[in-house]
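Naming follows writing order (A, B and C), and every chain is counted from residue 1.
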Amino acid sequence: MVSAAASGTGKRAGERAVLATLAVAVVLAFAASLLVGPAAIGLPEMLHAIFSGQADIAALIIREVRLPRAILGLMIGATLGLSGAALQGFLRNPLAEPGLVGVSASASLGAVLTFYTGLSGLFALALPLGGMAGACIGVVIVQSLAGRDSSPLTLILAGIAVTSFAGALTSLTLNLAPNPFAALEIMFWLMGSLADRSFEHVWLSAPFMIAGSLLLATLGRPLDALTLGEDAAHTLGFNLRALRHRLVFGTALCVGAGVAVTGAIGFVGLIVPHILRPVVGHRPSALLPASALGGAVLTLAADVAVRLLSPGRELKLGVLTALVGAPFFLYLVLRLRKQLL
Amino acid sequence: MTLMRANAVSVSLGDAPVLAGLDLEIAAGEVVGLIGPNGAGKTTLLRAMAGLLPLDDGEICVQGRPLHRIDRVSLARMLAYLPQGGDSHWAVSVETLVMLGRLPHRDPWHGPSETDRAAVEQALVACDIAQFRDRPATHLSGGERTRVLLARALAGDPGLLLADEPVAGLDPGHQLDVMAKLRDLAGAGAGVVVVMHDLTLAARFCDRLALLHDKRIAAEGSPEIVLSPSTLARCYGIRAYHGSAEGNAIVVPLERVKPGPGHAST
Amino acid sequence: MRAVLHSKRHRLYRSHRFRAAIAAIALTVMAGGATPASAKPQRIVSMNVCADQLVMLLADRDRIASISFLAADPYASALAGAAVEFRLNYGLSEEILPMNPDLVLASAFTTRSTLFLLRKLGYPVVELPVASSLDDIRSNIRTVAKAIGEEARGEAMIAAFDAELPRQVAPSGPRPLAALYWANGYTSGIGTLANAAVEAAGFRTLGRQLDLVGTSQLPLETLLVSNADVIIIGQRRDGAALANETFRHSALREIFARRPSIEVPDYLWVCATPFIAKAIRQLAEARKALRRSGSTGVERIW
């Protein structure tokens, strides 16, 4: 897509307009997330519930069920979009997604192990804590496998190695599950969902996601410099090894905390940067904030959709994002092929 | 004034020594042509001078300071490196790509300053690419792309430009354009090191040639000296026609010959 | 749809005697109610199919605000017919909060985050552990009865349950070897209610012989070489084609042709409910028939 803006200032104004539009969409999707649910609560009741200190059931549902759910959707969507954009920029590959660095799979494994050992039944936050422990171990292994090299290839290989191994161990855990019900419980969790998360989940994951986002948000310029390859970025004054460390740790903090709380939610981190890249003129640094906002919009919208599509028995969010994401990805591939012809 | 000095530099790629005890100096205002057969280590030397490769031995100094003591950003402000090929991975606009050259100079918290914009504008005009500044950098012909990448390097206002085969794959017209830009840069006081294979073009535009062969500079000096029949036979293994037109040396390779007797010892 | 499924279940196992037994339990239960109504929870929500059935049997109809949707699944619940009259929930906190329950019954398999949220908001939650023995059934009945303030009904139910169980738990004479074989090739090993029930009916089980713990897969070959005297299979479900695929295996069909098999519906023993007594009785009768016929392994019963 060719940017029509004639001057640099015009381009920046265009980017600001994109960000403003996305921000409005985030606010709308957030509001929708507060409004939609099995319990019918209208807009006036919702506003009343948020801003009055009353403790009736409607207020309880808005403040303790839907608000944490919406906040988590916002944070997880934003971090998925942000880390997806950062990884695609670093690897200079539009197929990269946050799961690539092995953190999703190891966080899933950590969480699944708390199911398997029964730890998740002992205290409520064992599950997300297990997920975070898994993510930490995963990122340490990926970093030591990738070594001191700054090349994307070693990072991809290390990520694939850790992802495959963690996936195998997750399958092993499912395999050894004491009964089909336990296996089913694990399977359902792995599908990813925001349903019935509480503020404890928000408090637990928010610090990690914020820290990770801050790390990733500083990567704009080095990612821009990488547009021309590693040597060019290097001679433009950027330390690529430090860049990779910040990227991997930032993604690990974001995605690890997210997966630990909600299970794996795929395709958001892959597709959002994809859609928004032409809109921001392909500049990796401009893509970071846009993808964060876009990821939040998509995740919140998808989470509203699971509640609308099958009221009562909700679809899992991760299932919906994959259902929508995979065909969309196919469409992107076809469009890309047309461009190449 | 000496801009860069390589002193007894040794570099290995993996376990294989590529440069051994190499010396080279670049002065301000000169264009130095780095020539030599394939695999002689021209790109390795250029990358070492850009600070991209660790040295096994020896030292490279930029403006009198050892390379490894200069922080990245200061070094990035002093020198620009133009890698061979150099595709844009994203479909950013040409102007955005050229603006990358300003990164070492830019305020970390703000958008491009007036100075940045002026430098980009100047580079766009100098490289004759202002008319397609909004075109995606992935949709350029070879000649356009080379000029865009050169403009990116020029936008940083470098004191030293290290260009790796900037004219490879260009038609004669664009070759002349690019070499003329390098001359202009040198004319403005910068030092330029340019890797090339076209000996006649090198002789036409370079103040000095350095012929890399057998891990060190085998011959260095004016084109007439470096491109002597014996040196060409010894280093390239060729016999060439030597002539001149309008005061410029012309070298046309004619046939392959066996390497001269000095080959093994040097 | 539901009516169709329901009628299928009636086909074999809803004998009049069985219904009479449940009615007897229910009658005993009614008589036992003594605790003052004010202290008892009046808006009970159950989120688990096993708790659903216990609370339906033990609590007055008007005190139950909601039961889980699985209670109406005729394959999982023995009370599916009655369950459709209740408000069904899918285990989401947003459905449950507006009911403002004064007791939430759940199980170890209920979604962790939902239970955490409910507890955090101050709703009393009682989690039923997974039952692995007949004693666990008694203890689960007591847990639910205590939680809803119907201890006397609970004790009456346990008494009726014990009365329904066959007298002789350790029978004399040979104990035939039973192989439990479910859809997808699963078997119930040590620590499962199904295994406990089959053993209580006087069988030895293949799961115990092979030291299989929990519900685990039984390779078809292991079943073929096992010399099991009788194969106990689960109720075949309509629709779940892949799950039933196992039963179409020619080797298995061969076994069914040579050995007696007993079909037991899942809802009788998937949960810790008194209905398991019915399964045990019928299995014990089948075992006697097996012994009377003299040669184990040729006659088909049931």
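Just so it is clear, a contact is a pair of C-beta atoms (placed from the backbone, for glycine too) under 8 Å apart; a residue touches a chain by one contact, two chains touch by 3 or more.
These numbers come from a predicted model, not from an experiment.
Colleague: Please identify the chain lying most centrally, where each chain is represented by the average of its Cα atoms.
Modeller: A
Colleague: From the centre of chain C, which chain's CA centre is farthest?
Modeller: Computed centres place B farthest from chain C.
Colleague: Is the C-beta contact count larger for A-B or for A-C?
Modeller: Spelling it out, more C-beta pairs touch across A-B than across the other pair.
Colleague: If you average the Cα atoms of chain B and of chain C to get two centres, how far apart are those centres in Å?
Modeller: So the centre of chain B lies 81 Å away from the centre of chain C.
Colleague: From the C-alpha centre of chain A to that of chain B, how far is it in Å?
Modeller: The mean C-alpha positions of chain A and chain B differ by 43 Å.
Colleague: How big is the gap, in whole Å, between where the Cα atoms of chain A centre and where those of chain C centre?
Modeller: Whole-Å distance between the two chain centres: 41.
Colleague: Touching chain A in the complex: which residues of chain B?
Modeller: For chain B paired with chain A, touching residues are 47, 50-52, 72-73, 75-77, 79-81, 83, 86-93, 95-97, 99-101, 103-104, 106, 108, 111-112, 117, 120, 134-137, 149, 152, 156.
Colleague: Given the complex with chain C, which residues does chain A contribute to the contact?
Modeller: Result: residues 37-39, 57, 60-61, 64-66, 120-121, 124-125, 127, 178-182, 185, 188, 195-198, 200-201, 312-314 of chain A touch chain C.
Colleague: What part of chain A is in contact with chain B in the complex they form?
Modeller: Residues in contact with chain B: 1-6, 8, 11-12, 92, 221, 224-229, 231-232, 234-239, 277-278, 281-284.
Colleague: Can you name the residues of chain C that touch chain A in the complex?
Modeller: It is residues 69, 90, 92-95, 97-98, 100, 108-109, 111-117, 119-121, 186, 192, 213-216 of chain C that touch chain A.
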